[in-house]
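Two complexes come next, and they have one chain in common, chain A, joined by chain B in the first and chain C in the second.
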Partner chain A sequence: MLVMGEVHTALLQNSGEIQEPVCRQVLGLMAGETVRVSRRPIAHALSPDLLTGVDCRLPSASQARVRAVGTVVSRCAITGGRVAQGSSYVRVERAAVDRRLSWSHYLSRPGVAEVLGKAKAGDLAAGFLDGAPPDCLDLGAISGRFLDLAQSSPLLDRRAPFRIPRTRLRWVTEVGEPSIRFTLHSDQVRTVRIAHPEPFTPALAALCEDLALHDWLLTTLLVLVERAGIGSAPGAQAAAKLAPAVDHLLHLWMPGAHVGESLAPYWESLDRRPGFTRQWRTLEDRVRDQVALNTLTLLSITAQTGRRCQ
Partner chain B sequence: MTSVNAAFGELAAERRIASAPLSHVSIELGHLYMEDFEAGPERLREQFGRVAPWAAAVRSGWQRRIPGGRARVSTCFLIDDYFSRFSTPAELVPMVLEAAAEHDLSIDYLARESSCAEADGVELARLVEGRLVDDPPPGTTGSRPPVKETGWLCNGSRSPRPGSVQAMGPAQRWAPPVQNAKRGHSIFVDVELWDENGGRRTWSCPFLAAVWQLLRLGMLRTEGELPLRPVPAGASWPARWDDLPPIVQLNDQAAPFSAYTTLSVLSPRFLPVELAVRTVLSQVAVDAEVLEQVRRRSDGEGVALEDEIVDRVTYVFG
Partner chain C sequence: MLIFAISDKGGTGRSVTSTNIGYRHALQGNDVCYLDFDFGSPTAGAIFSVSSVARGTRNGGLHEYLRGGCAEPHRVDVWTESDREGLRTKPPGAGRLVLLPGSEGGGELSAVDDEMVRRCVQLFGRLEEEFDLCMVDVSAGRSFTAEMVLQASVRLPSIPFRWLVFHRWTRQHIIAADGLVTGADGLLDAGARFGHDPEELRDRIRFVRTAVLEPDAAELVGLRDEQRAWLSACDAELRELAGRHGVGRTAMLGKVPLDPVLQWREQLISDEDVLASKIANAETAAAFDELAKKIVDDSAWEGL
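Right after this comes the complex of A and B.
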């Protein structure tokens, strides 16, 4: 019917970026399972997939009582040794019979929740994207716990270079003519609705994780630039406040790095409108210009001081 | 210049899952505990005498099912060296093989129960514990972590704790436990997985038996590799159990150790243990890639398998 997911993204609770061996330990959430690591074009580590059992109502825009039973797939990711994500998704499908079966049935279809009774995909999608009421499936809580799991690792020093809230991106994919809609809701909540002509594959979840990562980068850089008070604060002060952006963020922008070739057009269309990369480049230039201006000022002060001393 | 298709791969970014060689059925001819050993060779002969006709029936059933009668059937025998240590391989193994031969049974593989806990540096029991996904009671939205009793696993909701007081409310009254997938009435099962004494964990018999079943079904992997492979028997039997490989292959012509399905011929006194084993197996999430591998293999040779792992495990109690 449809697939729904939620990704939480945050700055890793560590003073500097962590290296690959530490990443492997932080994300080694299951004995005997390998952490997948890719190094090109940017370091990206992915924990094994873990399952959580659920038996509850699904959010529905029409308030219909729709019960689903099954398992949610979750994982954690660390990009550039710096940004942590907790991600969960579930494929919602109609059950063959309208009663709950033994648990082994649901475990034979990992990552699927079966709907007992009638439900409309559009109604469930709209209900989920609007934000679920308390007695419904809570993918946000599951993703939040997985992110906490990585963040609370004893291997991290918990001295992050700046404080920034987590962002939450809820997504839904359905089969249909290719389309993507990205909506900013509040400071922290975003939704993505994707129609894809082929049946769901985990690559679509990876696309949403990549969107969430870049949306977080952009949101965070905007906040840091705003906090720097360019133009109102003295140049040196603004440049000092922008230093964490240079140290920790500017090199991480790599849209679509881990997204399959066939899904690249989704990223490209978002990059045309609203133009994430355009906004990122503008901000990046602003940060670099401020740092350069401040350097020039420092150089001219040094030069003047030098002349007076002669 | 025309466009060029570039391909780039990183091995560390891919999941590689080894596939297990598979028979059609793995028949467990027996499971030897200290009490059986103490009862003498007569007890073993009786056991093999009971098992032989069932093993033959299952073998011929599969031969009829497989085109050309080329069914792959392997037999195994498990010796408990975990809960109690008795005798030595040098003394015991020949006795077991002799008693089996008297009933025309050939044991293809001999395994030690302690290997289900840990073998060759791999903690199989921990691997399985990490794959447990608790059966969620209705109303489980994922908003809180699953309610767990450390070291226990059940198939429903437990009774509230007697005397527990809800905030600002009266003490809760007793309520019955409820099975999640009940049909009319509950059969609630709560299984102890392990206990700890002085920091040392002892796995329970049903939990190790669940690991044993998963091993026979070829469902376990560690870092993508098979955790144990049978080792051909040496020229003589060692004097210490620890010197015996976890799984010994006695017959070099034997069909593969692991199989699509398993059959265990057991005394009815093991019924409660096996109910517990099935409760555990129903909550083990086998790797999706491994499930898919086995499905492709069985489809390829026209063998229809049950979707649920627990339904591939069969028994004869008698």
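Right after this comes the complex of A and C.
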């Protein structure tokens, strides 16, 4: 019917970026299985998939009582040793019989929740993207908990270079003519709707995680630039406030780095409109120009002081 | 940074002072979150002038969150949701100011289980990611709430925390404030029981005097000489008493003068109240401003 997921993205609670062995340990805390690490074009560590059993109502736009039983897949990722993500998703399918079966049945289909009774995919998608009411399946709560696991690792010093809220990206994919729609809601909530002609593969979840990562980077850089008060605060002060962006963020922009070839067109379409990379490059230039301007000011002060001393 | 605000007795002005400190800290450019852990009387919403949560919230209050009734507590952005026009626009350069209200009709905690402490730890850990300061209003006197946050702070060794003990400048309040910290089952006693080092904990506790009437205050100009002499003698006696009880100058972070506005209506004192409508005293706003700086100024928190 459809697949829905939610990704929470946060600044890893450590003073600097962490190296690969530490990444492995932070993400390995959750299970005995190995952590998958890729180094090119950017360091990316992914925890093993973990399952959470669910038997609850699904959010529905029409408030219909839709019950689903099955398992949710969750995982944690750390990119560039700096950004942490908790991600969960579930494939919603019609059950063959309208009664709950034994857990062995659901465990043999990891990441699938079977709907008992009738449900419309569009209704479930709209209900989910609106945000789950308290008594319904809350993928965000599961993702948040997994992200907490990574963030509370004793290997992290919790002295993050700046404070920034987590972002949440809820996504839904359905089978259909290829299309993607990205929507900004409140300060922290985003939604993505994807229609994809092929059956679902985990690569689609990876695409959404990549979108969430880059949306977080963009959101965070915007906040840091706003906090710097360029134009109203003295140049040196603004440059000092932009320093964490240079130290920790600017090198992380790598859209589509871990997205399969066949899904790349979705990223490209978002880069055309609303134009993620365009906005990022403009902000990046702004940060660099501020730092350069401040360097020039400092140099001219030093030169003047030097002349006076002669 | 977590700041726990507690008082020896009710009616000390703990909530109104801690909200004002949080408000001033946000004006100074920091992201601030205010947690109403005063479960018996969750009225922080009223002080921030957010009428929808004036007596706590019906959905997703902190009480409900700690009991496992919701995944995340309800948040109120004071800069957009306050009913006071002067508060509804975020001043340039100010940080975020977010209130986490208590649950309407929640009631004091009657016990603390491990699951509650775990949820409290999770909440503090998440808020620490995004806020420079979390001000936690921990109700009056010895309570399960105080025990819960003592346990939670032990489990978060890398998150700095400090305690503010609010008390009025009277004989009973001075003795009670000391008792709340050093007495049987007081903060140090309970803290040690949960694994805090009493010496270290002591260094993280400071006192704040509220509704202080200085003998040389302008309000006292109309008093007779005899009255003024008597007040002076009382003040000297209280200072001596405070010194003996470890509540003296060295352990004091600051004091807030008596202000009619705070006596009659618990509210945030904005610069507009001081400069435009002139209902509040400039000294009061200055005292909050000073406290808002001192809570994060390490030199004010050096070992006693």
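Keep this in mind: the second predicted complex is superposed on the first by the 306 of 310 C-alpha atoms of A that agree within 3 Å, B and C clash if a C-alpha of one lies under 4 Å from a C-alpha of the other, contacts with A are read in each partner's own complex, and residues count from 1 in each chain.
Rule of thumb we're sticking to: a residue touches a chain if its C-beta (ideal position, glycine included) is under 8 Å from a C-beta of that chain, and two chains touch if they have at least 3 such contacts.
Computed from a predicted model, the values in this text were never measured in an experiment.
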{"item": "Fit or clash between chain C and chain B when superposed on chain A", "value": "fit"}
{"item": "Which superposed partner A:Pro110 touches (first chain B, second chain C, both, neither)", "value": "first"}
{"item": "Which superposed partner A:Leu11 touches (first chain B, second chain C, both, neither)", "value": "second"}
{"item": "Which of chain B and chain C A:Val72 touches, first, second, both or neither", "value": "first"}
{"item": "First, second, both or neither for A:Gln151, with chain B first and chain C second", "value": "second"}
{"item": "Chain B versus chain C as contact partner of A:Gly229, first or second or both or neither", "value": "second"}
{"item": "In the superposition, chain B vs chain C on chain A residues touched", "value": "B"}
{"item": "Angular separation of chain B and chain C about chain A, which is computed from CA centres of the superposed model and rounded to the nearest 10 °", "value": "100"}
{"item": "Which of chain B and chain C A:Arg39 touches, first, second, both or neither", "value": "first"}
{"item": "Partner chain(s) touched by A:Ile164 [first = chain B, second = chain C, both, neither]", "value": "second"}
{"item": "Contacts of A:Asp138 with chain B and chain C, given as first, second, both or neither", "value": "both"}
{"item": "Overlay on chain A, chain C to chain B nearest C-alpha distance, Å", "value": "5"}
{"item": "Those residues of chain A which chain B touches in one complex and chain C touches in the other", "value": "134, 138, 141"}
{"item": "Residues of chain A that touch chain C when the two form their complex", "value": "10-11, 13, 134, 138, 140-141, 144, 148, 151-152, 157-160, 163-166, 229, 232"}
{"item": "Partner chain A, residues of chain C touching it in the complex", "value": "31, 59-60, 69-72, 92-93, 122, 125-126, 128-132, 158-159"}
{"item": "Touch list for chain A against partner chain B, complex", "value": "30-34, 36-40, 44, 49, 51-57, 67, 69, 71-72, 100-105, 107-111, 134-139, 141-142, 145"}
{"item": "Complex interface listing, chain B residues touching chain A", "value": "8, 10, 12-15, 122-123, 126-127, 129-131, 133-146, 155, 180-181, 221-224, 227, 281-286, 288, 291, 307-311"}
